[in-house]
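Structures given as structure tokens follow.
Shared between the two complexes below is chain A, which pairs with chain B and chain C, respectively.
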Partner chain A sequence: MPSQQELDLQISPLVQESLAHNSRTLHNLQSLTASLFGISAGILGLESYSGFLFYLVFSLLTTALFYLLRIAPTALSSPASPTSKAGVLGRYFRSPLDFWTAGVTNGLAGFILTWTLFYGLVRA
Partner chain B sequence: MTLISKSITAFGSLLLAHACYSAQEHSALQSFRAATSAVLTSTPTAATSLPIDIAIETVVAILVILVGLVLGTSPLRPIQWREWAGKIEREGEDGFKDNNGQVNRDYLGNPFGFIEGRPNFVDIRKQRKEFAEWVKGQGEQQK
Partner chain C sequence: MAQVPVQTIHRDPQLFYWILFPITIVMILTGILRHYATVLMSSAPKPLDLRSTREQRSLLHGISLRSNFHALSRRSFHTRRDVVITAYESGAYLKDPDRKGQPPANPMTDPSSMDGMMGMMKNQMAMIIPNTLIMSWINAFFSGYVIMKLPFPLTIKFKSMLQAGVGTKDMDPRWMSSISWYFLCMFGLQSVFNFLLGNDNAASQMAQQMGQMGPQAPQMFGPGVDPNKQFLAEAENLAVIEHHSVLDGVEQRLLEGIRI
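Up next is the complex of A and B:
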């Protein structure tokens, strides 16, 4: 007896290429912006916790902006079918939790790299 | 769309570069001042923090770049098979273009193309009629 999740996948299958394309788009955006946040954190001369807090706030802001400018407008042009309970986010990403939190870990290395570099360059 | 996002990003980068240069100049000036004042009068210099205008410029620059980059991302695609296939049926290649107007490389076309292209699906009578008309047209042109 297959589980409920397997049944759901059988009834409404997913397109792997679209999944990969969507998450790649988001990943590219996040790693690019993370290094830019590092630059500005270095310019501002942030240290220790305040720098990481800056990164956390701005990476969540990136995801929120992406949601507002890229995902929310599509709900207006073609409303989600009433049968899908995941809403407009579920049309493009599998799990909402992943969508909101993956960005923080995606760009952390790039952020620290440019943060230390620009801190050193500006304060030298 | 792509021109707007590129110009916004370029403007933001310009602001960021200016803020970076200002901060660098500020810290250079501070260390120069500290060195000279230490030589002349050994008064302790005040703790130097970044001027508020440079900080504001940096934050504004990063927000502007952020908007530009988000606007420049390529459009998302539906992950549900039925929505995706419906989008292909309705929009064809137009729904699968990136920002430069190029059709994406991984766009394979209609997933049911192999069914619709079967030999059983070919309307042979219609094709014969079209061929007959074409032959007639050729004959009239040659006369």
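Up next is the complex of A and C:
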């Protein structure tokens, strides 16, 4: 007999293309905002830890806003089926951990680039 | 211990206009050029003849039967499986059944497989040539300048990498030369390309290299793959499936779902 998890997936299947599209949309948003955060951190003249902390806080804030504005409303209007255990995030993204942490690593390179550029231009 | 005084270096502001901006603009423009070169050079896949199309489609048929068997009823699944396995084992779908059991043709001599290799070669060249050109351009014109200060401290190990061509021993490793700005651009411009060219662009070589590092999916219909062996393996995969349907026990689930 198939395992319970396998059966769940077969009863309510997830389309891989849509999952990939969702995470690509999120990735786009995060890499764009990371560059903007880099610009603001450079203009503010943040250095070392405070700059990285700034990035961490704001990228998590972006993800949280994305969750609140885009995911939570659809979840409220159509509650999850009683059999699925993955929760709301599991319907749109691969895993909750992936959703919350991928943004920080996605945009880091872009953040450092624009941070360095604007720090150099403003403070020099 | 006394506080180490912060090093300040007075630089000509012209450095920004004549080094920093040219490198950045050239990096962005090469990325865009690389993207469009890849788009232009990618050749459309050649239409296959009838028999090889049949070979590939029938193998895909077996694979989708294996992955979606739960949507079929037991009887329907067994009928399909019997048909497919018999055909696979007799080699009815093979492109040329006479060559069954012989080793596959050498991919170097097969003209149809040369196309794929040429495509790969072109992509490799499109990555390597601009990189070497820009590297040597920066080395020739801009080596030895200190242009910027990183906003975060680094250990002394980075000094040789960031300050290549700058022969000052006591300088803080935070000061970076033009070649390190090039590296920073190479890593960080992906988001700019995402913004400019859309998501599935070919502009950044970093993303492509990452893709090559990762585990590659086994080639399905590439050169040098024996289709007969693929058919036999797929027949074996189908034979071991223990059938169950999504509709098994659906009444129970329905009754559980109804709340009064």
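Heads up, the rule we're going with is that the second predicted complex is superposed on the first by the 110 of 124 C-alpha atoms of A that agree within 3 Å, B and C clash if a C-alpha of one lies under 4 Å from a C-alpha of the other, contacts with A are read in each partner's own complex, and residues count from 1 in each chain.
Operating definition for what follows: contacts are C-beta pairs under 8 Å (C-beta built on N, C-alpha and C of every residue); 3 or more make two chains touch, one makes a residue touch a chain.
All values reported here derive from a predicted model rather than from experimental measurement.
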Have a look at chain B and chain C on chain A after the superposition and call it: clash or fit.
fit
So, does A:Leu32 touch the first partner chain B, the second partner chain C, both, or neither?
both
Applying the document's definition of touch, where does A:Leu19 land relative to chain B and chain C: first, second, both, or neither?
first
With both structures superposed on the shared chain, find the angle between the C-alpha centres of chain B and chain C as seen from the C-alpha centre of chain A, to the nearest 10 degrees.
90
One more residue to check, A:Tyr92. First (chain B), second (chain C), both or neither?
first
Which of the two partners, first being chain B and second being chain C, lies in contact with A:Leu121: first, second, both, or neither?
both
For A:Ile43, using the defined touch cut-off, is the partner it touches chain B, chain C, both, or neither? Pick first, second, both or neither.
first
Looking at the overlay, does A:Val57 come into contact with chain B only (first), chain C only (second), both, or neither?
neither
I'd like to know which partner A:Ile112 touches here: chain B for first, chain C for second, both or neither.
second
Under the stated touch criterion, which partner chain does A:Ala72 make contact with: chain B (first), chain C (second), both, or neither?
neither
Minimum Cα separation, chain C to chain B, after superposition on A (Å)
12
Could you tell me which stretches of chain A are touched by chain B in one complex and by chain C in the other?
28, 32, 121, 123-124
Given the complex, residues on chain B that touch chain A span 16, 19-20, 23-24, 27, 49-50, 54-55, 58-59, 61-62, 65-67, 69-71, 73-84, 104, 106
So in the complex, the part of chain C that touches chain A is made up of which residues?
11, 13, 16, 20, 24, 70, 147-153, 176, 184-185, 187-192, 194-195, 199, 244, 246, 253, 256-257
Interfacial residue positions of chain A with respect to chain B in the complex:
12-15, 17-19, 21-22, 25-26, 28-29, 32-33, 36-37, 39-40, 43-45, 58, 61-62, 65-66, 69-71, 74, 84, 91-94, 118, 121-124
Listed in rising order, the residues of chain A that touch chain C in the complex are 1-2, 7, 10-11, 24, 27-28, 31-32, 34-35, 41-42, 46-49, 51-52, 81-83, 107, 109-117, 119-121, 123-124
